[in-house]
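Labels run A, B, C, D, E and F following the written order; every chain starts at residue 1.
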Amino acid sequence: MCLSVPAKISKILPDDMAIVSIDGVSLEISIALIDELDVGDSVLVHVGYALSKIDPTEAKRTLQLLQELGSAGQEP
Amino acid sequence: MCLSVPAKISKILPDDMAIVSIDGVSLEISIALIDELDVGDSVLVHVGYALSKIDPTEAKRTLQLLQELGSAGQEP
Amino acid sequence: MSGKDYHGKLDVENGRVDLSHGSGGRAMAQLISGLFHQAFGNEWLARCNDQSAFEVAAGRMVMTTDGYVVSPLFFPGGNIGSLAVHGTINDVVMAGARPLYLSASFIIEEGFRFSDLGTIAQSMGVAARGAGVYIITGDTKVVERGKADGLFISTTGIGVLADGLDLSADKARIGDRVLVSGSLGDHGVAIMSTRQNAALQVEIVSDSASLHDLVAVMMAAGGRGIRVMRDPTRGGLAATLNEIAHQSGLGFRLQEAAIPVKPAVAATCELLGLDPIHVANEGKLVAIVAPDVADAVLAAMKAHPLGCDAADIGEAVADDHKFVQLATSFGGGRIVDWLSGEQLPRIC
Amino acid sequence: MSGKDYHGKLDVENGRVDLSHGSGGRAMAQLISGLFHQAFGNEWLARCNDQSAFEVAAGRMVMTTDGYVVSPLFFPGGNIGSLAVHGTINDVVMAGARPLYLSASFIIEEGFRFSDLGTIAQSMGVAARGAGVYIITGDTKVVERGKADGLFISTTGIGVLADGLDLSADKARIGDRVLVSGSLGDHGVAIMSTRQNAALQVEIVSDSASLHDLVAVMMAAGGRGIRVMRDPTRGGLAATLNEIAHQSGLGFRLQEAAIPVKPAVAATCELLGLDPIHVANEGKLVAIVAPDVADAVLAAMKAHPLGCDAADIGEAVADDHKFVQLATSFGGGRIVDWLSGEQLPRIC
Amino acid sequence: MKYADEFRDKTIALGLARAIGAEAGPRRAYRFMEFCGGHTHAISRYGLEELLPANVRMIHGPGCPVCVLPASRIDMAIRLVERPEVTLCVYGDLMRAPGSQGQSLMRAKALGADIRMVYSTLDAIRLAEQVPSREVVFFAIGFETTTPPTAVMVRIAEKKRLRGLSVFCNHVLTPSAMHSILENPKMRNIGGVAIDGFVGPAHVSTIIGTQPYEPLVEQFGKPIVIAGFEPLDVMQAILMLVRQVNEGRYEVENQYSRAVTRQGNRRAKDEVSQVFELREQFEWRGLGLVPNSGLKLKRAYAGFDAEARFAMHELRVADNPACECCAILRGAKRPVDCKLFGTVCTPETPIGSCMVSSEGACAAYWTYGRVRDDQVRRLS
Amino acid sequence: MKYADEFRDKTIALGLARAIGAEAGPRRAYRFMEFCGGHTHAISRYGLEELLPANVRMIHGPGCPVCVLPASRIDMAIRLVERPEVTLCVYGDLMRAPGSQGQSLMRAKALGADIRMVYSTLDAIRLAEQVPSREVVFFAIGFETTTPPTAVMVRIAEKKRLRGLSVFCNHVLTPSAMHSILENPKMRNIGGVAIDGFVGPAHVSTIIGTQPYEPLVEQFGKPIVIAGFEPLDVMQAILMLVRQVNEGRYEVENQYSRAVTRQGNRRAKDEVSQVFELREQFEWRGLGLVPNSGLKLKRAYAGFDAEARFAMHELRVADNPACECCAILRGAKRPVDCKLFGTVCTPETPIGSCMVSSEGACAAYWTYGRVRDDQVRRLS
């Protein structure tokens, strides 16, 4: 449910709008649901709206954990 | 101007309407512009209305006159 | 597609086409196999390729295409499907060729009834089989409601020419006779009478028919003396003869009294202010034939059910203006021009 | 029609199609000569017959047809005209045939701009000449406003097969390799991005192209080892392989990691909830080839500009279910099914 | 077709032609104007001019309602149908009539206007009943013959309370136009050649009778023969005109006694006078403003008057200066006298309204008359 | 794609699979419900089930807004869009959702209804601006994730005075549905197998946070892990659930810490509470009437509420009795347990909503799961 795609803010527009870009695709979205946002931030985009910022530190932490879990499960 | 076609009344309908027929074609027309009309009468039809009755006696007379004029002009 | 295994049965009775039937998915395959293949059924379609292959002998072939957008889709004497097959076969046979194969491209408006589509496809199958022709490849597109007029069909036909045969409008010669295979304007009047509201009732059916067999008997009778054949469809006899005049650089002189027109067609035309020589035919042909074979060809036509009202209506003449002229039944003369734009009903 | 003498010049810059341009009169002749013949110009059309004749050698021919209803009519990488020529040429060459001639049937909505029609016709001429193919016959119909979507084109193509060649979906054999000629989904995504409102901008152009030359180099490299070729248009790779599976009675096993998809296409699909293997292509092919020639064919493809991203993506396997299965890049497996109905953007 | 085929007999026609030739003699030339486009059509359609002696020449008058409709009225209709709520019903021949910028209802339709061709005002009533939420406007044109059907439509709409139906009225009157032609002194004698008499339209007279022409005959001393539209009717009328001229008479004669009386159709005249009243003046293409020559809806029917209902502004548009329609409609020139004829102005690209209607003098010449004119040109 | 591709790594996945296998051990079976259709999709799309040990089984929950929308709401929408003035805007996945008689918006459109697929509520705003004379109704569906965009749309419509725009509100709440599943005693233990924990949807929690699940965990003693939708996210969540089960814990854990917090998105929650309020109950296909599980527009926004504006009658429609959606959505049965699956009911001819959405449990099984199920069938 709730198909969302991570995308990077490439431009802030007036009226709570912004442009996000993902791999050669740019999309005009609403950022009315997000408090503060800068160019370069990543957000989750759902039906043309940014739902939340993605926290790069937390993302890195999760990925590290996954890598550990993955290599723990690795065959020797 | 005023393309009109002679046609024969084949059926009188309610509301000042009638069916005329011409050579395998039947057309529903208004007879609101004609005072009295019977099945078998011929009328001049213009844009879906009967404009006037055709007087068969006068038609015959004209045709006779034309034939006379025509044969008068005939080469001997 | 053969596969009962991978799609269910189409509800031909109650169903309607929606966008999913044109999207390359299972619904489309279901429509094609459940409706078109069933109606056209032949070995080429059964292979379900995006094209069909067939053997030909070396020689000369012809190819023709026409789009069919007739409204209404069903009319006295046929429907868009039979029309699309007859019309394209006719353009093949007008070259003197034997028709072999047809393709059919369907553009369908969302909401179209399967039952109507089925009837139309069946008519196509019947018309094709009647001419010994196979519909060997096709395509189906569905467009949104309001982006088409129910159904459009484009058919393309190919056929083979007998050795050395080259019928073309530029082959007409001075003194050639102009033959028509029957009464003019039946198709156009049948369509107009259904398009007009119910007020107008005309006892006429479209002449829509495949002329392959008529042409065969004509060729047998006239051989290379037949210079040009053409089916006077849109624009009627007037457009066809003007086209031939301009392609051959000749003029034509016609006898109005010789041109066959049914009384009901004449009457409808008088009522609407039209002229039968501008009205469309879908099962008639005009042939320009050498004078020495004209009588034999005409006799052969008259002996054929589709040519029983055939007539010799005039001749090709030298004319720098490339005019089609008509000696009126009344004794006068006039030029028969192309139509300017659409033929519109007149009030005056 | 040649006749400058009997109709004036078309105002291609400012004019628009109206019903008179489809009525068989002088206005129609003017449109055909002033616009189509000018764009397609060749000796066959110049004869202005309702069909065209041409010579063929004895042998096997193919015929295919497709209707084009693309919206918008102009899109990054082409327009409906170039698409109609490329697409039909591709269906001819997928049989391994050399394309010879095309027919084109135009169904035009009243009010359509001559300038747009001219651009489209020019694109068709360019595309046809680029493939050494001639548009030798055609037809023009005009329908009332609101009864079409600007312009529909149905093209039919014929071509000749080399002696004994018989590529058909039922020729696939267990162990055959599955090759694709390049990245998937470019056409569909280019169209979707123009159809969506301006909010979505995708740096992708349609892959619309004629594959005749690519196929020629493949045939040279693979010869009779090439069993099936097909262009994955509507329904994408998924539909094409499912079709072939059902026609051949085999299954396919693909490696997701091997399937080329451009990042922008992948990203657009993620955004809209679509899958690139269901998205249409218009300049790609899928080839099922014998394993012993697969490498040679792939190398030949990669050496060709239209095949530089070609890839070997899997193999044909025995499978009573005729399933197309995919080993995901992630290490799992799944079935790649036909699309059910239209591919619709999802929110979830 | 009864009452038509008999009047198309070739043998009688040839005899009649000889009779005309004999009575017209070689002594003088005769120039008759057929006022009505329907007669022009019959003359062309049956090739009558080939049958007439060289000294009897027909001049094509302004009697085609499409021809005489000024560009301004087309412009007004196009402006009206730009309103999204309006569906315009028109008779087919009007579709190609050119507005001031070469636009037409055909092109307006191609650009998206909701325009429907109708055969009858009855169709407009049916449509208004089918689409009650639309403003259905009937574009009324025509002479006295075509006016009663419009009047009946308005009265039916009133009775049925069809609030969505209205009329853009452009009906015009035949005798007023004839008067305008005759009262212009230049027109009576052009290039030294007078108009010697008129073939009058029988279908108009089925409604108005022959009486309205009597004052014209008195005032201008030109004979008028009310004639039917079959070719023999026209030839007989020409013979009757030749005889009047030869005998120095100028009377209203009725060739079409089979359907025309002196008084006309009382009931039809009543319908018209219930609904319509005279306009002070109305513009005719080719004739300019003609007093008392057009009709409008009476105040009692203002609710059905599209001009009032949609506050349509009257437009004034200058005719194309190169176009000779003005002189041609008055019988002062022939189509080949126009520099634009057949070059710039053709049926596909009509400049003046004479080229638009298939009965317009220029279109009829283009379609039917080019051979002879071409021969004339080459000889001159 | 950054923040996506990294979480699709095959090598990590294989390691993670072994870790799950090792920790799950052979001692017991684990049955976890992924509540959300997005997780179902990810599991199928990436073939996760092939990677999981046989004793870890995923149950597909009711978390697809199309699946849970009752036929009655589709019927209501179709009835609404039969009004000629209405243009209905819908998300694409809703087009094929079946009403009570097998009808759908797709078929209603084919029959002439004015239905537009939109990607975003922003498109509905643009459309309403473009066609001010139309009644543009947005068919709002979705869980907490999709609700704030509807709220923003309403507030923009209010600000821009877009009087033609309204909302047919069908937004529903995730925790209420989970509660309904858990509180049904039959559901907690079917065929002797308990649901041992839930994979909770991260995107819902970007808005509502993880906190709303805490009472559920307390009340029912089942662990919930809020997880992202990339395949590694799902696998990690499964591992986290296995660990909670093994350790006898039942907590709300947050796998998706990169975008989910305990409190969620304050601003989005504010927008929603401005515009919407709880319905007393709302019908879910498969769950029946669930208290406090749906939203409606507040009285202050009644002007934008299509149900009020068009006096839409609530309909009640019995589910198809043969359809097992009810049990499947509750995790009680699998698609192959339904007699209709794959015979009468296919993606082309869907009976229940589980077959309609490509993420519905039956459709996902049809598309992705047939091989294994078929093997299962043949073995049994």
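Everything below uses one rule, namely that contacts are C-beta pairs under 8 Å (C-beta built on N, C-alpha and C of every residue); 3 or more make two chains touch, one makes a residue touch a chain.
Here the structure is a predicted model, which means the values were calculated and not measured.
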Q | Chains contacting each of chain C and chain E, listed by label | A | B, D
Q. So chain C and chain D: same face meeting same face, with over half the numbers shared, or different?
A. same
Q. What's the chain with its C-alpha centre farthest out from chain D?
A. B
Q. Count the touching C-beta pairs: is B-C or C-F ahead?
A. B-C
Q | Furthest chain, CA centroid comparison against chain E | A | A
Q) Could you state the distance in Å from the CA-based centre of chain A to that of chain D? A) 37
Q. Chain D to chain E: how many Å between their CA centres?
A. 55
Q. What is the distance, in whole Å, between the centres of chain C and chain D, each centre taken as the mean of its C-alpha atoms?
A. 29
Q) Measuring from the mean C-alpha position of chain B to the mean C-alpha position of chain E, what distance in angstrom results? A) 22
Q.
Two-or-more-chain contact residues of chain D, please, as numbers and ranges.
A. 18-20, 26-27, 144, 199-200, 263, 266-267, 270, 273, 340-341, 346-348
Q. So which stretches of chain B touch two or more other chains?
A. 1-3, 5, 22-23, 46-48
Q: Can you tell me which residues of chain F touch two or more of the remaining chains?
A: 1, 4, 13-14, 17, 37-38, 64-65, 91, 96, 106, 119-120, 122-123, 142, 146, 346-348, 359
Q. Chain adjacency by touch: line, ring, star, complete or other shape?
A. other
Q | Chains that touch, pairwise | A | A-D, A-F, B-C, B-E, C-D, C-E, C-F, D-E, D-F
(Q) Can you tell me which positions in chain C touch chain B when the two form their complex? (A) 198-204, 262-264, 266-268, 270-271, 273, 346-348
Q. Where on chain D is chain C touching in the complex?
A. 1-3, 5-6, 18-20, 22-29, 47-69, 71, 91-92, 94-95, 97, 101, 103-107, 136-141, 143-144, 146-149, 152, 154, 156-158, 161, 166, 168-170, 230-231, 233-236, 239, 242-243, 246-247, 280, 322, 338-343
Q. Which residues, counting only chain F, touch chain D once they are in their complex?
A. 1, 4, 8, 10, 13-14, 17, 37-38, 44-51, 64-66, 91-93, 95-96, 106, 117, 119-120, 122-123, 126, 142, 146, 231, 346-348, 357-359, 363, 366-371, 374
Q) In their complex, what parts of chain E are in touch with chain D? A) 96, 106-107, 109-112, 346-349
**Q.** Residues on chain A engaged by chain F in the complex (per definition of touch)
**A.** 1-6, 8, 22-23, 30, 32-35, 42, 44, 46-49, 51-56, 58-59, 61-63, 65-67, 69-75
